[in-house]
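Next come the structures, one after another.
Heads up, the next two complexes both have chain A, just with different partners, chain B and then chain C.
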Partner chain A sequence: MKIVTPLIAALILTACAQEKSPPPAKDLFSPTNGERVTDCSIRFKKSGLCLSWGWESQPTSTAMGSLVFKTYRANLLDQSPVQVDLESTPQVILWMPEMGHGSRPTTVNPIDVGTYRASDVFFVMPGKWEILFQIKSGESVLDEAVVNVTI
Partner chain B sequence: MKKVALLTIFWTFIAHASVSLPVEGQNLLTDKTVKASVENKKGLVVVFLSAVCPCSNSHVAELTKISNEYPDFNFIAIHSNANEEVAVAKNYFTDKKLPFPVIQDSKAKLADEFKALKTPHVYVVRPNGEIAYQGGVTNSADCSKADKNFLRDALDDIKQSHVVRTPSGRTLGCVIKRG
Partner chain C sequence: MKRLLTLPFKIALPIAMALTVVAPSVAQAAACCGGGFASPTIIAGDQASQFTLSYGFNSVVVDNVDSEGYWRRWDEHQQVQSFRIEGATLLSDRWQAGLAIPMIQRTRTGDTHSGLGDVAATLGYEFLPDWDYNPIRPKGVGYFQITLPTGLSKYESETGALDTRGNGFWSVGLGALFTKTFSDIDAFTSVDVHRSFSKSVRTSSIAGQLQPGFGGNFSAGLGYNFTAFRIGGALTWVVEDPVKIVQPLGTIDGAVERYTTASLALSYMKSDEWAGTLSYLDQTWFGSPTNTSLGRGLTIQIQRRWLR
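Now for the complex of A and B:
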């Protein structure tokens, strides 16, 4: 009996033990009430287009990550966001304004209408970073949207 | 005999050319002090760039790629040209979004220390301060027309613990104007 009691206690404790899982990443694209969330608060400076974005795989201090972003124009009738392709595949540049340098180049590929994946996302050091979504023609930047993140 | 002696002196000079580390100066874009060291790295790549020279400009994308592909090395750019306004240089390098800092070398102190002649002029410095490679990034003034990439070759040699086969390359570009 002396052996059985601690064994039962141990089994109960083990059965209740839960592995601590990391907090869920913010998913801007998860469906809510049957509709996709289109957070259009991030605006391109000139064209009036906007974008929403979210981490697909968050980068770490040793591994690259990827993010997915969607671009929208305003619906002519009610100004609601309508997903739209940009003139050309945009570039995503990681820039650290306080340090005056960037990070490694990212790779951007279109996935669907107005939907792009930026992979090879890596921040070379912790601190305040800007994620620049740039529409370019050759070397000149036609339009740009900026997201501030702290790593 | 004279020729041999001169050649020996020349090669001794080349072999032992060195600079003091870290390379320190004012960040062109933030005005803060920046120190480029070789801590935990195989070397430091120091490249003198211009904000207006087309030869320098043609190598910027390649330098960005190289810095990405060789994470064992730190990179730093230096802007020493006295004939290029700081505001112009700031605009240019802000647009370029280089993955490494740019030092504003207003009195060309670093250019003098490195004996940099043109833009782009690149140096690969080992952790002991020894200059393992100095010269052009490529063998062309226009990077897109180059068929030799001296900088990549030097970094590959160092990565593989080989002696750098080409320790100096011809520097083609625009002359750095001292003040």
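Now for the complex of A and C:
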């Protein structure tokens, strides 16, 4: 036993690394990913607003992309989504929660009622990312909706 | 108890060379985004003082290993160059102090950022001396290290971690380094545990408190010495607790970071005063990496020593 324990520990520590290939990314680069999600399943955490989004131009490892998103409130009669402007232009943040860092800042502009374009969308590395749609007042985040994507 | 002042060259050479090689292997941080813990600057040979310059070039080859262990690569990789100045001196027969000042430069697709990394100061004590060159007992140096958050951390970056140069936290660590020489073979092992401290952060992406935890390094290596040369290899295992980001709208839990750096080194000791080492480092060979990037690189190191 005196020999076995350190031997097992040594074997574990010096085991060769094995590359594990990821499953094909289906959240971004597959052909169906450009479709917009309009079921209002992506909800802001506090206000009850929801959003739909889709790629206008998909980012690559070297080029920036852009996405379009729409914000909705629930219809008072039947709860169906009604497109609504936010009080201020929201921000889109790209964040890698496991790694603990973001990407470059994006630029968001309103293009119609409750419709916004986020450009300069660039992921600095592949992996699991969050797209944070944030409603801010000054520097304070009032509300946010989170979309998980795997690049 | 009086230390031997004159060390036979055959014994001094392997010890000195082994420690020349320890530093770059321990220093190797995660390839992409800073992190890790600064390597200790320790005198483990028989010198009174030492001054070390090292230059490293590291290329990310696996951009992301996620918490499920999936390896992801892109065709565009980050490249990291580092320039490190280190000095250490004896304060008394068994106490010593050291300082390390790194400069880091990161480049990706023509975008380059550079600056000061995390400065680290070390206070060491030779708790296990080898004054009589015991054939079995190793020499042991314990150390306390404090790391200053002089390098920008990935949490504070506005460029997707391309401008990160360190951990960005105040941290303290305790560790020990053991060395032993058996004829032409030398061996070393080191272990340290460190604790980083919380800080507030406000960027365009996050605003809240960063809550890091503990981390640890464990290294082991062997070398073979012939004439004025040494060839050797070492492995360094690194693990870091998740860093929580506590924000008003919720907490991001983070994930454990883990990687192993293998190094192969060739050293040349021109004299008792001068030594040089060329090391190859690879993070894709060993271990079970998670939540990190993996890189390969070369390090050149020149060391000047002043004997006791």
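Structural remarks
Quick note on the criterion: the second predicted complex is superposed on the first by the 114 of 151 C-alpha atoms of A that agree within 3 Å, B and C clash if a C-alpha of one lies under 4 Å from a C-alpha of the other, contacts with A are read in each partner's own complex, and residues count from 1 in each chain.
By our rule, a contact is a pair of C-beta atoms (placed from the backbone, for glycine too) under 8 Å apart; a residue touches a chain by one contact, two chains touch by 3 or more.
The model shown is predicted, which means the values in this text are computed figures rather than measured ones.
Between chain B and chain C, C contacts the larger number of chain A residues.
By the touch criterion defined above, A:127 reaches chain C but does not reach chain B. When the two complexes are overlaid on their common chain A, residue A:45 makes contact with chain C while staying clear of chain B.
In the overlay built on the shared chain, the residue A:144 is in contact with chain C alone; chain B does not reach it.
Shared-chain residue A:61: touches chain C; no touch with chain B.
Across the superposed pair, chain B and chain C both touch chain A at residues 93, 95, 97-105, 124, 132, 139, 141.
Within the complex formed with chain A, the residues of chain C that make contact are 32-33, 62-64, 66-76, 108-109, 154-155, 157-162, 164, 202-207, 218, 235, 237, 243, 245, 247-250, 252-255, 260, 284-289, 291, 293.
Within the complex, the chain A residues that touch chain B are 93, 95, 97-105, 124, 132, 139, 141. Against chain C, the residues of chain A that register as touching in their complex are 13-17, 19-23, 45-46, 61-62, 91, 93-95, 97-105, 122-128, 132, 139-141, 143-144, 151. Against chain A, the residues of chain B that register as touching in their complex are 27-30, 32, 34, 64-65, 67-68, 95, 97-102.
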